[in-house]
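So, here come the structures, one by one.
Two complexes follow with chain A in common, the first pairing it with chain B and the second with chain C.
Then we have the complex of A and B:
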């Protein structure tokens, strides 16, 4: 079976504090998300609307990043509430 | 030889005669053109003359709870009506003179927004002094201090003004705080005209929309504040997106085909066509410039996110509304901007969130509570003040009604201003998300005002093919006269407490002379010109106007609970006005409290002038005076939520 939960992933999740994860990995995800979304807006403009494949590819990348972003933000809020 | 001699003298006089004729004609034309211009400017000059002659008659010290209108001579609204009438009459001309209309608009802004600056002794609003104090702190220390004050969590405006004052070489940002309403309203005109021109190419409607915006911007958020500047950025973002990225044909054939396959397809397709009408084609720019503009928009929005807590969410809501019906082609933009806004709040405002997140979460979705805090909660205080609040509501409702009529007039004429309707409707759900200290409805009015103003202008100027008749122009002037009276009553209805006197400012200067750093400075409410300096050196607290109804002994006990070596109570005229306007504390009750304080053995009158009294608590806190603590511990507990202290209106 192929899995994305490798030894590296599990060790980085268990060995680092929540704060480290949310500020380092969380921020990296957010920067990537912002970059992809900006690209998603720029590509059709620069290509005069003639790049449906590239746009669709970027759309596919945005959704999982958005889900991770929502989890990171909710986790931070929950942490503040606790 | 002989030929040339005979021809030249014959040609010269004819040429000269023709030239002389032309010169005379040009002189006549210039003469008459100048006369014409001068004649057209007579109403404007007369209006300015009326206004200037009225200024010395305005005695702000005699204001009642009705605000500035209680001391405003009739010449001032008359001057406004004269300018409006001159402008409205000019809008009947087939060929418009834009400089002429611009001059009128500038004069209108000067009268509407500059009158208080000229007749009052000091800049208005207690919040102005706090904002100056935050800028001063940043200039002095080069740092922000979120642990001192919630506004430091959104420091963009304060950093910018601090830099600006240093670049210009001013001692304090106070030097340009007083005129903020005038220059901010002038600044708003450029993005407003971009927004208005996105729905109509008719300059008459654009000019009328601009005039109406200035006549109805009563909320008073255009003072020296993050909101004032960020509102300009909000308008710029919306204006640029509507100008360059609107979709001329928003209806999607895929959606229409999908609807056509559903039950009741004819109704669905008909409704879809109604809400996705065509719009004017966008302004053209080369694709590289458009791409650059997108990057600029993201950068500007990032600045907005770190400058103000509300504007980013209103911007995202507005863009979401436009994207929902495909009115703009930047479909990912609202999500991208939303991510930026949420990232700033969740990562960079932790000091504020840690103290308020439970309250923010509990308020989320409480529509009834939010509306109650924003509408019925404001109907309190003295009878005159309640009357002013009623006028505020009536004034706002009238504009909403005018906008609805304008929308319908243009709809009947085949012009579907769906984008403007979306921009008005899309921020409404934010009221359910937050009460914002009872201020969100005011902000809702502010953020929907431009779109309401242009739709309301459509009532008369919505049909570009027709020049407005004399009758309609007279009706416009009459309505504008009523709006002018409403404007002065609503915008300056709380002027008694918003105006700060020189005595008060001098009194506060004395307070900083008397009170050693580390002292507790208390005032019943926050309506006084303090915190414009030494922001971090004192503990500031404003319990509530209820302390005015208790005894000095109760107050002394409250002040002694704090561990500060010294404690001072500051009473000013503007605080008295606020207590009367909002809490119903009468002038007699105020005077009685002051008398009790004078006689109390717990207090000593440390300073007094016409508008300020400073009482020092005898034997405060730990007793012996301790030298300055740079960051008193109890300050953290006195952090004011921006929702509560953000705006004065």
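Then we have the complex of A and C:
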């Protein structure tokens, strides 16, 4: 019904286990998070601490990816503990 | 002798006339010259309409291609491609942040992240209704953070309610579009065992993580970034509609896809007629709620 949960997303979620999804998409998202966080730390160093626009722009991706990372870790931990 | 005499003053004047402001000043200066809000009064900014339009078209086309490829190769390869695209867009943003069009890159990166986040943040064993919240929460936070990149959010994102009656009229169109959308898509009910709390949760989740979120991203952030990059409000409405419609490709229903394209155009044009983002978001939210309630009632 929405752009986030389309029929294709629903069928992918029901066809695959969360282990499979988090191993593929989750891993890609975590690699992207590491890349963006590295950029976020490097940019102020390269620009002598003066990069507010760049940091704000990267934050647009950092926080959503951090939430996804937390969800992936919690879901995998829950799988291990249950 | 005469020829040389004609050219000399031009050579002397050239460094003065072509002097450019420092990069940071160009990036941070206001995009609009006049605060009237009229799209025709957009002033020329450096690189607008050239590289900016190219970057916008390339990123929008890549996102659409990833969605189209998902119907052939499955959602996972397309989502991984979207993740790589988001990385490329953010890297370009860091390297080219002195350009006027750079501000659109984090917004397009957020759009590219919709599919990876919707697949990675959702635990399939949770109820279907929770999928919308889990996929929507990270994106909503990203969209709110992207508002900080807009110079004048209240005006550029149409957050001010200038014509409340027009807002109400647009919102009232939502249930009608929702009824048509239900007939075209025939979605599954979201609640396994419907009760009052379940209906309240359905309405809240679809309003916040459906209608308002999508309109903030597409009719707010993408439309504003496209207006700056393309220099034309009408072209920007077309681009925002193209990107949002491409992400509905996975719905698997061509009539529903066309309906959402029409809804996107109408809501975009409404914003050009000074309807607020709240009215547009309410219309989309009511459309989704109508679809969900009709699906629930028909499943009894």
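Couple of notes before you dig in:
Everything that follows uses one rule, which is that the second predicted complex is superposed on the first by the 79 of 82 C-alpha atoms of A that agree within 3 Å, B and C clash if a C-alpha of one lies under 4 Å from a C-alpha of the other, contacts with A are read in each partner's own complex, and residues count from 1 in each chain.
FYI, a residue touches a chain if its C-beta (ideal position, glycine included) is under 8 Å from a C-beta of that chain, and two chains touch if they have at least 3 such contacts.
Being a predicted model, the structure only gives us computed values, none of them experimental.
The superposed arrangement places chain B and chain C next to each other on chain A without a clash. Measured by the number of chain A residues touched, the leading partner among chain B and chain C is C.
In the overlay built on the shared chain, the residue A:71 is in contact with chain C alone; chain B does not reach it. With both structures placed on the common chain, the touch criterion links A:82 to neither chain B nor chain C. In the superposition on chain A, contact is made by A:34 with chain B only, not with chain C. Contacts of A:48 after superposition: chain B is touched, whereas chain C is not reached. Of all C-alpha pairs spanning chain B and chain C in the superposed arrangement, the closest lie 14 Å apart. Residues 287-288, 290-291, 294-295, 298, 329-330, 332-333, 335-336, 339-340, 342-343, 346-347, 350, 353-354, 357-358, 361 of chain B are the ones that touch chain A when the two sit in their complex.
Across the interface of their complex, chain B is touched by residues 23, 27, 30, 33-34, 37-38, 40-42, 44-46, 48, 62, 66, 69, 73, 76-77, 80-81 of chain A. Chain C makes touch with chain A in their complex at residues 27-28, 70-71, 74-76, 79-80, 83-84, 86-87, 90-91, 93-94, 97, 102-103, 105-107, 109-110, 113-125, 128, 131-132, 134-139, 141-142, 145-146, 148-149, 181, 185, 187, 206, 209-210, 213-214, 244, 247-253, 288, 291-292.
Taken together, the chain A residues at the contact with chain C in this complex read 1-14, 16-18, 21-22, 24-26, 28-29, 31-32, 35-36, 39, 43, 51, 53-54, 56-61, 63-65, 67-68, 71-72, 75.
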